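As written, the chain order gives the labels A, B and C, with residue 1 at the start of each chain.
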């Protein structure tokens, strides 16, 4: 039997980096095939090649035995290949039915389309109402709509890129049920992920990538998580050093009943959040984005103001202080968006050092000391091994991981008492992620208080002394590191109570 | 073989320098073609437009007379444009500055005459800044788009001027012409040399350019504005006030335009009439962009745009070409400059399948 | 109903027509995600080009066609700059406004004093003779009816047709539309041409019907008012009509005020439309929530396809 999709010797190089190196794999009809790998392993490039967005330098792609050459995404869709991107490509201001219509050819006949959408949704167990506006849908519902859009075109190969990154554990379960049903009808699925548990639970086969090469082909249902991880990372996962530490006597940062909608009507309402953060500890805030993370972070950084007494730096109420004043009081903040928020894209790294360093000696008599800023930028580049063309390089010319290292290094150079970091290792490769995590621990061991927002439970469990979950604007009680497992945190994320301490799962 | 556009990794200094030069060269080229289409000998007419007016000392000083208001206003507007604050009503702010300065000049008691010019200067500054301040107030307090407000205010300022020179401020001895009386002697700027019309405003224009250079290249205030303009969310993250930037941007442009209005009223004009500016406030926007919002660029851009004014007058006299051709040249220059700027941040890359 | 009331009503609709045409065109442009500030320039070019054809005996229908064409050509210039060269849309629009004023003034020199025959009312036969309704509704020229008809047509096209849906999503998320295989640049370019043609037509209406003369800068800020109307209408065609009628009314009341000799300086009355624009902008800007629903999300942002 011919495979639905067969790759042989596919390679693709970009200036300075080999993204895919001699990759071969085979996906059978009705198979759910995982492409497993860390950030930067070459998964996305490979998917773009299959879908026809990018042309490979070498190698061949066969679909149902036929050779695909220089095909476009349009041709892929005509052949029954559909792709769901990690960041949704839905249109927010129009209805579900109109979103579907935009993917189909022919006249616009919304009434007939609504019927077809209901039928298809019912067949696969999707909860999709054709008349709702996408803006009002939850992340899980949007994911279902993305998949429904593909299903309406009767696909034979469905590519999903990190489909669960914004889903709650429950929504993930629902998604898996749907995917199994789709596969059972004969459609092949390529499932791109770096989450071992999901791949083991869902997929029939897995191709593991590292540094652009295939490092293993396994049946994930048979392999252990440890085996998969070694294939993915190359060695045992680097475990950060966590020397013991004693928290400071008094809290460095306190929240006292923080409530309301700091980012306006569109934002999530925070509900009575209280927290004490001590020097010498790393505290994690787990949870899926959209549950109040941006709102809480903005209240901490000062980008959003709140009643003065609800946020305290040491003893000082700072709720009404703007970010510059809070920075002077010893707070540093690394936002999740690097380009455009944490750094000005079109300016040099030197100029970007002034962005937060102005309160600490880079401005004198109203004039910027660019020579000093340049020295400081060079120091950060060196200490954090940022790959950049010197301090004069534009922020927009750095890769995501390197820019993150630069921003983190820039904030650490301010020697803050309190550091708030959102998604510290998003899109960062394994080595850089380990480096960043170690720096965060080191900073806390030097006496600072560190608060980390992250969607990656593994990361939080690795570096934090205790973990809270932020779900629907409410902050859970703390789970100490020793008791933190993904299951317990997952339960809190869906709004459940903290269950009894379970035996370590693995 | 095909081409592909990709962003430059480092801003190219050469492209940065070449862009305006190429734009000016292309403007001359298209301008020559335009003259040819209109039935005039292109080289001859271009010479009459761009070279003959400045080939005498008098012509050169007239160029300065036109360049000074352009440079002053453009320097002020650049501060706002850097912060993405779009004040395009400098024409109205110039008008209000001229009205305020003239009002002080005409109606101040004689006891104040020894310091009349400084008072008029301040009045012009305040008049222009206040007119722009309306837009700043509406934008910061009521979230109203400053582009449309500054523009509408320009029309209103023009009508206000018309009302004054036809009504309460009309010169009773002026044979019913729509103009005010001449300013008193103490309220008029002496030309630097009695042969020419150039006044001390030239010095002020240079001061304005130096100030702009200090603000944009070195000062923390200028840095904050540029961050706010380039990446508003980064400015919020850094704690730079957005409203402050709007106020600074609009007031600086308004004050500069108001001062230019003062210099026009107290200098070449000596009185107000229904029309006091050949569109300096709009042309200054072009100057600001041609000069890439930087001091040296604005100096050159101001001189070039002034040349389009004197050149337009020149070819009208020598060849009977309608003077609005000036604005065609100005628009053309801005178009070409914007297009050439593309190559400062992007470049064409040759792509072939084999080489990819 | 008195003669005066009838003439105020009809005058209002006539004064509203150029605003309506230009604003409906701009609405489509903005819905595609492009902000063209150069309406004033395109209107002027349309007014001058159309007048030129008429004054040389070319006939009114060709004159209007040329006005629309000239507006579209001017818009094409803007389109090439902003879409291909990724120019700042604010700056390119301003350049178009200045350029248009210069080009039109150069074109029109010497022709302004020559008379042309203004566009005559449509002959609607017996309808025009109906008591009351005749003078009120059936004695307009064809452009007034065209403007009014374009309101529901634009609404239907944007909200009910497939092409309109595509245009809207291109204005919301061009990257996503591109990923689905839609040609963002082509769609935006066509929208810009359409906006230019309507602006040219609006300008032509001023020089060929409204005044039947050519005067330098005769649009007197109507292009900018049309721009404000689109914001005022929160990007909805029927509200554009309401806004155009409101501004047309202000213009006509100002004219009547001058004729009646109100004890107010004529300049104050002339300033009324501009003051009204500012006031309306202030009021409309208060309701951010409503604006957020209708504003094209990627308005004014350049788009470049990657990979």
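The rule we apply is simple: a contact is a pair of C-beta atoms (placed from the backbone, for glycine too) under 8 Å apart; a residue touches a chain by one contact, two chains touch by 3 or more.
Keep in mind the model is a prediction, meaning the values are calculated, not measured.
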- Counting C-beta pairs in contact, does A-C beat B-C or the other way around? B-C
- Task: Taking each chain's centre as the mean of its C-alpha atoms, give the chain farthest from chain C.
- Result: A
- Query: From the C-alpha centre of chain A to that of chain B, how far is it in Å?
  - Reply: 48
- Message: As a quick test, compute the distance in whole Å between the mean CA positions of chain A and chain C.
- Response: 46
- Message: Nearest whole angstrom, what separates the Cα centre of chain B from the Cα centre of chain C?
- Response: 28
- Message: Using the touch definition from the top, list the residues of chain A that touch chain B in their complex.
- Response: 55, 57, 301-303, 322-327, 333, 335, 337, 340-347, 351, 354-356, 358, 363, 366-368, 370, 389, 392-394, 396-397
- Query: For the complex, which residues does chain B have touching chain C?
  - Reply: 5, 86, 88, 138, 142-145, 147-149, 151-153, 155-156, 159-160, 162-163, 166-167, 282-283, 285-286, 289, 322, 324-332, 334-335, 338-339, 341-342, 346
- Query: Any idea which chain C residues touch chain A in the complex?
  - Reply: 160-162, 165-166, 168-169, 172-173, 175-177, 179-182, 289, 292-293, 297, 307
- Which residues of chain A touch chain C in the complex? 48, 53-54, 73-74, 77, 85, 89-94, 98, 101-103, 107-108, 265-266
- Of chain C, residues touching chain B in the complex: 37, 41, 77, 81, 85-88, 90-92, 94-96, 98-103, 105-106, 109-110, 216, 220-221, 224, 227-228, 231, 265, 267-268, 270-271, 274-275, 277-278, 281-282, 285-286, 288, 304
